[in-house]
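The two complexes that follow have subunit A in common; it is paired with subunit B in the first and with subunit C in the second.
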Partner chain A sequence: MSALLEVDGLTVTFHSRRGEARAVDGVGYSLEAGETLGIVGESGSGKSVAHLAILGLLPSSAHVEARRLTFGGRDLSTLREDERRRLRGREMAMVFQDPMSALNPLLPIGLQLSEVLEVHESATRREARRRAATALGEVGISDPEARLDVYPHEMSGGMRQRVCIAMALLCRPKLLVADEPTTALDVTIQAQVLDLLSDLQKQHGTAIAFITHSLGVVAGICDRVLVMYAGRVVEEAPVDALFASPLHPYTRGLLASVPRIDGDLGRPLAAIPGSPATLVRSASACSFAPRCPLAEDRCRAEQPELEVHAPASRHDAHRAACFRAGITLPTEVAP
Partner chain B sequence: MSLLEVRNLTVRFPIRGRGFFAKSRGAIHAVEDVSFTLERGQALGLVGESGSGKSTTARAIVGLTRPTSGSVKLDGVELSTLSDRERRPFRRRVQMVFQDPTGSLDPRLTIGAIVAEPLAIQGVGTRRERRTRAASLLESVGLDAAALERYPHEFSGGQRQRIGIARALALEPELLVLDEPVSALDVSVQASVVNLLQDLRDRLGLSYLFIAHDLAVVRHVCERVAVMYLGRIVEEGPREELFANPRHPYTQALLSAVPVPDPVVERSRSRIVLAGDPPSPAHPPTGCAFHPRCPARHGVPDKSCASIVPGLLSRKPTGSTVACHLEHPILPLGRP
Partner chain C sequence: MSARASSARAATPHASRSKDEAVLGAALASPGPWRRACEDVRANRAAFVALVFLAVVAALSLLAPLLPLPSPIALRLADEPLAPAAPWNGFLVPGFQPEYWDLGAIDRALVALRQWIFGDLQTGPWLGTDQKGRDLLARIVWGSRTSLAVGLLATMTSLVVGVTWGAVAGLAGGRVDQVLMRIVDALYSLPFIFVVIFLITVLDGWREELSGVLGLERESLFYVTIGLFYWLTMARVVRGQVLQLRNAEFLAASRLAGARWPWLIRMHVLPNVLGIVLVYLTLSIPSILLFESFLSFLGLGIEAPKVSWGLLAVDGADAISPLGLDWWLVVWPSAAMGSVLLALNVLGDGLRDALDPKGGRE
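Coming up: the complex of A and B.
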């Protein structure tokens, strides 16, 4: 059986006055039905842009290329815009970080929800309204019928994000792209929303691409993880392998720099020096080399490819794009 | 004497109706009856979710918001009743670092002017002396003195936050009030700013009031932690005690909701998921503000949760305080 979503060699470039900005640079992965893939990275790592490109949501100023971009066996790159639009919302959907800007402030949420069903499934107004209420109930909103007439500004942030999730799942999509869906929420509300997503996934078998900068969230809900840096995938692994034996110095650095609620208090955090990479950069070096404690001449002269390091089945492979993968960092040596 | 002593601090913002003659229609209860002390050299973390009143507490302490009632004492001197002019000498001793390192730096000023501005306002030194001092302040936060001539947009988020810290240190304050100082920074940059704050505190003997929603960061920086919910402190204590043995049901839920970057640990943890959202501070619930969402209130015998505000009382051997009827049951009247 082929994967639900297959991406290979995805590249997104923007042309700016300061040169060509390559926001996404050769990203590839596959996602199976019912699987949760975490995509971790900092601002500017290309994690959001890559997924906007997969869904076909980028403006025409973005130049998107891919060796392979298939969804359920269909080649997305050859679809016409109207065909893609029909796919979006029905078979693939997205939840954004800021639910306030994802909702129309002028329309009651019931109308925004039922519109989806009227457009995609030609439901009657009454039928759509009934299903909208059911969907609100499913995401744990109490008294859903009465809430249909409420405007977005009358709801709390957590409630609005539930509405967005309900909207994304209305047509039972096969793929849900969740772009930092809990970043704007408080931790107790984040816990509610994450619980909700994994419950709904179990019920409907939705595949989730979960974009986040939080390693904690990844550890809690993902099956597999991609780590992105400067537009490229630098490491890919099943979640346990990534946390137990990270290979890329960036991944190792990130894990060591995050304070943990159950961590060791004795020593300072192991900070990664420097700032995240800019988008205009050389194609003939590892982008992480300027910040990498292990970098050597080769890292500054050649770009490492994503290669399998740990022997495993094809889908579970542990890959890293690093010439120095797996070598102990100086900060990891006990003092 | 404690460096900072806050007693029964209350801040309410009136909600006005429309029109010129409109009457006040109630108030947002941002901070209600908050008391704590901060000893010299200590770091106290103030944690809570949005709307819990932690930032308003900080602003009332530095004098950016006028308290409705209550007292804020620095070294025994009451600050909350001082006029702006009378307050000025105390501003040197308490400085603030803000969350947004972009919004808190004037884009039209050079870094040198930004860092030296507090000195200029307080009339410290000559122009040249202020410049020399600005250069050494930048070095103490890990930036090159060449930054003096440059502008904020030329720096990354982490570097801008270092500039904000240098400015706060310019007047050699004793107390830094840090309002979410690392939460706008990228993960890989956060750690270096946290380490800088630790290092400065050791080197300069500073005291911190550290406001953050990230409990792991607070645990790393602060020896004492106070947890706020809907304007009130619900639990306060030494970090070891509070994180290992939280007593208030809200603290327990909050800690259990913090994700741990370790899949093995995550799978084995049980999470207390609270129902619903925090209530509006315009209409706080009666009694304990947490009672409508509290998973443990059925354990309280006489239903006092809905009617009586629990006091923040101490738990003797641990040095911590908790505001919960479960911890301190109210004895029915007439019994010894």
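Coming up: the complex of A and C.
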């Protein structure tokens, strides 16, 4: 069975005055229908840019290259702009981080919901309205008919995010990119939105690419996880394997820095030293090396490739891009 | 005691539910942002009064030929300037002379209609007359047409050229943006007033040729120069706003829904820019009115026998002499100009508050 989305060697370059900034550097993964892939990494690691590139939403100043970029068997890089436009909304959709700015403050939400239908299916106003109301009902908004005429500022953050999800799923897309959809919400609403997403996924078989900072969210919702650092995939694993035996020192550092309620509360939180790598850099070293407690000479001279390190647990291999994969960090050693 | 407590407990959920329903009902019935802005302006008494005042002024100046005003240019050199006479001492008096400069066809028709309705009756010297015996009220009302024309011209160039220029620059970005905005910067860096004075003075030497070949009068030249410069700030304001919008997620969301650019501009960009454009317009018209008066005052703008508020200021300045102060020649034109400028500013302020999405509502 071929995957819904196959990405290989995806590279996004921005030309800046200080040289080329490689926001995404050779990212590759595949995503199957009904699967949820978590993409974790710190700010600036390229997780959002990579997906905007897949959706074709980057500004023209970005230079996108890929060895392979197929969606449902079609090669995205050879599609014309209007063909890609037709794919968007109908077959691929996105939920944004901030539900306030993702809705036009001047339009009632009903109009914004039906936008997709009017653009793609030339549905009549009444038909579009009816389907918009159904979609609102599906995301758990009560009295959907009346809510169509409500403006975004009259809704709470959680409700707005539900509206955004309804908007994204209105045309039953095969792929949903969720870009930190719960970051702007408080914890109880986060849980509701996550439940809602996985329910809708089960009903419609949507594949979800879930971009997030939060390892907790990843553990809760994802099947597989991609860890990104400085534009590269540094580790890819089924979610259980990642949490049980992280291989890359960056992943280990991330996991070690999660505060634990059963841990020693007097101990300061573990942090990864240094600051995120700049994107203008040489390609002949591991970009995590300057911050890595395990770095050796080889790490500074050669860039590690993503390689299979552990045998597949089910259908997926556990891969990492590190010469020192699997070695315990000094900070992880309990005192 | 316990019975009361339990009944209170029983009552509470019901009460809170009905309160929730009330809140929900209010939210569902609440009007859209534009209607809300209109309501805000109406609730803001000062802004509403200013709006009504400006509407009245605009109506008066448009209908000037139809009003039973004396001719703004008919001279009565034999008489001393008349002090203002209260309307009840001679509301309408005979003596109308249909003297005007070259009026357009519509204005001529209106004057004919006025003569048919009012005959040779005209208003008394309610605001007095000037040194040449011309009626001041008539001159203020007819002069306001120049201000209106200048205001409209500035508005139209701002709206058409400025908004398009700024929106194209903001949306296209990159090199197009750079080129367009550098042009604006270059024009901006010219000392506007000197350039206009220079242009008008130089072209004045060619006026025979110009009016022969292009049918250009100095007045149209004056309008053209104002139009040439007046869209610059608007272009900058709109570009800034569009740049901010271009990165708005709702635009990306709409693009994700597969929308084309014309749709995006119509549904998302223009409505979000309109508020700031409107506010900026009302706040910038006063400066253009002042500019017109300034040029006319210097003798570079509107020329006699036509009237404008700047020329009235010249007359007023002449009236201040050691021989005696014809105060009405200073006070009434200043009051007219001052009140219109004030009204525009108050309205602009009110609009800004009303259209500010973050503006609090009680």
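We take it that the second predicted complex is superposed on the first by the 324 of 335 C-alpha atoms of A that agree within 3 Å, B and C clash if a C-alpha of one lies under 4 Å from a C-alpha of the other, contacts with A are read in each partner's own complex, and residues count from 1 in each chain.
What we mean here is this: a residue touches a chain if its C-beta (ideal position, glycine included) is under 8 Å from a C-beta of that chain, and two chains touch if they have at least 3 such contacts.
Only a predicted model underlies this, so the values are computations on that prediction, with no experimental measurement involved.
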Counting only touches as set out at the top, which of subunit B and subunit C does A:A301 meet: first, second, both, neither? neither
With the two structures laid over each other on chain A, which partner does A:I327 touch: subunit B (first), subunit C (second), both, or neither? neither
Once the structures are superposed on A, label A:L106 by its partner contacts, choosing first (subunit B), second (subunit C), both or neither. second
If we overlay the two complexes on their shared chain A, which of subunit B and subunit C does A:D240 touch? Say first, second, both or neither. first
How about subunit C: which of its residues touch subunit A in the complex? 24, 27-28, 30, 32-34, 173-174, 248-250, 252-260, 263, 267-268, 271-272, 357
Give the list of subunit A residues in touch with subunit C in this complex. 55, 57, 59-61, 85-90, 92-94, 96-98, 101-108, 112, 115-116, 119-120, 143, 146-147, 149-151, 153-154, 164, 167-168
For the complex, give me every residue of subunit A touching subunit B. 42-43, 156-159, 186-192, 195, 213-220, 239-240, 243-244, 253-255, 257-263, 265, 268-273, 275-276, 291
Can you check the complex and tell me which residues of subunit B touch subunit A? 49-50, 156-159, 186-192, 194-195, 198-199, 213-217, 219-220, 243, 253-266, 271, 273-274, 277
